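Both complexes below contain chain A, partnered by chain B and then by chain C.
For the complex of A and B:
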């Protein structure tokens, strides 16, 4: 990969974004920071989804399955067996990558709409199993609470979650700009054509699945230690999947930056609507927004901003 | 034990066949998976409940209202959403899933989050050799057979039905013979909404009404399509029985908690071993 001027310019934007977000705790209160922490975790999940589904076109409806594996692994290890979190979190990430490989097996044979359904089935199976199998270890329907936290206080958690998200974002973004990223996009457009150029689509897909699973694993493990509890309901729920999907789509799939914007937009919107609409009305509203935007503008908010930026540049010329 | 499995299996499979038929139709004609299909079932149940138990209308009128609601919503899904995205099955899949979650929120806003219990459509229990089956679920099985039978007669012997079959076999060929596919699609979506609503009334009396109730019937429908292959009515009937019996055997012999797991494993196994379904491709 050669670092051209465009890449440099974008890296400048990333740097500006990083500096801005690092200065934010000086200005805003802890309440806002706690909201943003959730946005960071959602952004990690949405980027993970985007790297797999936005890139390769293998639409996953089972990301909560991956996140759940990470969450349960670290929760069980640290809570039930007293393993220090320095070991349990890496173990959770490894377990998620293994889970991602499991996810990958059906992708060898099926694609398109059926693939999404299999991943949904994976999620539902894990939902049922965590409730039934070994409830003494998983905590059954009630799950586990009182998990060890990594750092305490809103400001520390803010920096930690932002740091992880920022690193993941930059790495994934650089990755999709390499030849590898181009090859992954090509799989979405025409898998047979990629195979006929002599590339192994199996290896490429396995790579995309592993990276996506690793990101979900990191996000999921840190997430459960931040909220301090885990339960099958809430984790393996269609509403959770919906939030991830909408964040990625709303922001603009295939861009990595889009899902981050989508996550911020969604979390902040949800939070400011809370006083006006306390319950399910919010889902109604933002689901409605997402639906209209998806039908009218499938490329998402990112494309709106990019278009506006291009217009401004043209106008200045 | 064997008799119990046999009776429960048949009854459950009948209900599943009724649940799945509307979903299969859309897949067969339009080649898209409508993940908002579970909503028609939920809507049918809730409208029936509101008409019968809150407004005090007679059973028959409540049924008609439920079916009308299903038809309306089916048509709206097609006209406002699916028709705009029809060339892209994945976009349809994603947008109908979002629609389903939106409708789930709407149901909570209107009816509240607390589950509601529905009266059975008919009362009474039938006892036979120590096994008891409610008349309600027997009626559901009966309705299922009648609905599927008349649907089969409809697509074989009526002009409109044959046009639907033609579109499901070969869209271009149908257009050449003077069939308007967008009209046929509208008919299919309306019928699908109606079947969903009928199934919803029985499914809701079988379990209960709550805002999450759309997920399970959707999974059953998806399983029927995957196991049975692409949308033949007989194929889905057989698939519904395979799923119903596997589930009954799992829950009676292994553990009642594994109700959903067996169906999921079946979906995954069939997709891995025979991605085209057990009975391959067939027309409606």
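For the complex of A and C:
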């Protein structure tokens, strides 16, 4: 992979972000760190969605299906069968990639609204299956709790979740800056024209689906071990899906950095609204903020910051 | 580029049916390497359907397509492009949010995931292809929405040049262009043919623009081939006059 000067400059920003976030536990309390841990997991899910849907235009409403496969696989293997989490987590990621391939099959024939609805159906099917098929293993409607933790304490979990999110972020961001990223974007704009330039769109889409699934798999597996439980209602709830979508779109789809910004913004906003609005009404307020942002700035928070950066550069000249 | 002993493209008894509509009914023709074939006919004759089948964007109901001595009837679009067939569309199909240079980048990119990741873009080569179809350096950074119709047709040409085709299918290549733009595109086609030895099949309603470019013309009407010959022969053909003027 050739790295140009602009990429190097951006990598400098990534490094600064990494250093800043690593120093954060020195200045903030564990309560804030616990909020940020959720932001990191949400960022992983939103980046996973962005790499697939933001790039190729295949809008997925079924990412909780992928996250659920990972969560249930590692939970069942470790909790029911005593498999060490060092094996159950990689197995969960592999299972999610296989699930991502299943997810991919409809994309061979349909796209747009129909594809989105089929992915939603995938999520609903898994929701129902986890409730009724082998409840002794899946835990049925109550799911499983008391799952083994990977590390203990807010600080350790903060570093672990940030480290995973950071690595995923940098890798996906580098990927979208290659010609692969250009080809995936071209699929969103005109898939037929991509084929007529000699590209197998099936191969490109399969790669995007597999990478997206792998990221969801990593995020999902670590997430359930962090929260220590899994239940179908929490995993396959429509609000969970919307939170992933809103984080990606609010931050700025097709950018990878945007979903990270969106995840931080959303999680912190919801948490800091909690004392003022303890009930579900705070979702109404965040919905309102999201709506205003979409109308004023459809390209998301990332574009706001990028524009501000450009203006500062022009002003300095 | 490898020359073939037989015809470069051979279409054998091609049929295409959409429900009860027989869009193409037993079309057969050949194109020799380096030849320019005009494909004309009234609206709805099935010309674009033939292009779609040659590119595997539509699966023929029956019939065969041979390219370079190989039966490619079951070969998918992207593999046909790799073998050397490319096309333009009646309505240009640029990647709308990408600059001219990035549009060309997609055409130049290999069909190999790892090479797409590992090998960086070559902006100089992209600009060179852009310039070869008549783009200025400023236009290479422009978005398709900033280009005139003639430039959009150039953009499709550039993207096709980037895949190094042997046969180029040009669908309504003069549609929506001014007389000046028609002249420029015609010159470009002649120049590319001279330099790269391209073979063309050109669909056009603008017979005046088509005439000086083609070696031979085939005429379709209601999905059937009704005439074949030199441009002068077919325009005098009674069946062709009937098809166009409804006499």
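Heads up, the rule we're going with is that the second predicted complex is superposed on the first by the 314 of 317 C-alpha atoms of A that agree within 3 Å, B and C clash if a C-alpha of one lies under 4 Å from a C-alpha of the other, contacts with A are read in each partner's own complex, and residues count from 1 in each chain.
To be clear about the criterion, a residue touches a chain if its C-beta (ideal position, glycine included) is under 8 Å from a C-beta of that chain, and two chains touch if they have at least 3 such contacts.
These numbers were taken from a predicted model, which means no experiment stands behind them.
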Next item on the list: Quick one: on chain A, after the overlay, do chain B and chain C clash, or do they fit? Just give me the call.
Entry: fit
Check: Which partner, chain B or chain C, is in contact with more residues of chain A?
Finding: B
Margin query: With the two complexes overlaid on chain A, check the angle at chain A between chain B and chain C, Cα centres, nearest 10°.
Written below: 80
Next item on the list: Return first, second, both or neither, reflecting whether A:190 touches chain B, chain C, both chains, or no partner chain.
Entry: second
Note to self: For A:122, using the defined touch cut-off, is the partner it touches chain B, chain C, both, or neither? Pick first, second, both or neither.
What the structure shows: first
Margin query: By the touch definition at the top of the document, which applies to A:304: first (chain B), second (chain C), both, or neither?
Written below: neither
Note to self: Going by the contact rule set out at the top, does A:207 touch chain B (first), chain C (second), both, or neither?
What the structure shows: second
Notebook entry, point to check: Who does A:175 touch here: chain B (first), chain C (second), both, or neither?
Noted result: second
Check: Which holds for A:19: it touches chain B only (first), chain C only (second), both, or neither?
Finding: neither
Next item on the list: Aligned on chain A, what is the least Cα gap between chain B and chain C? Give it in whole Å.
Entry: 11
Margin query: Please report the chain A residues shared by its interface with chain B and its interface with chain C.
Written below: none
Item checked: Touching residues on chain A, where the partner in the complex is chain B -> 57, 59, 61, 105-106, 109-110, 112-114, 116-118, 120-122, 124-125, 127-129, 131-132, 238-239, 242, 245-246, 249, 279-284, 287-288, 290-291, 294-295, 298
Note to self: List the residues on chain C that touch chain A in their complex, please.
What the structure shows: 55, 57, 76-78, 81-82, 86-87, 89, 93-98, 102, 105-107, 109, 111, 113, 116-121, 159, 162-163
Item checked: Residues of chain B touching chain A in the complex -> 32-33, 81, 84-85, 89-91, 93-95, 97-102, 104-106, 108-109, 113, 211, 215, 219, 222, 226, 255, 257-261, 264-265, 267-268, 271-272, 275
Item checked: Complex contact set, residues of chain A against chain C -> 1-2, 4, 175, 178-180, 182-183, 185-186, 189-190, 192-201, 203-204, 207
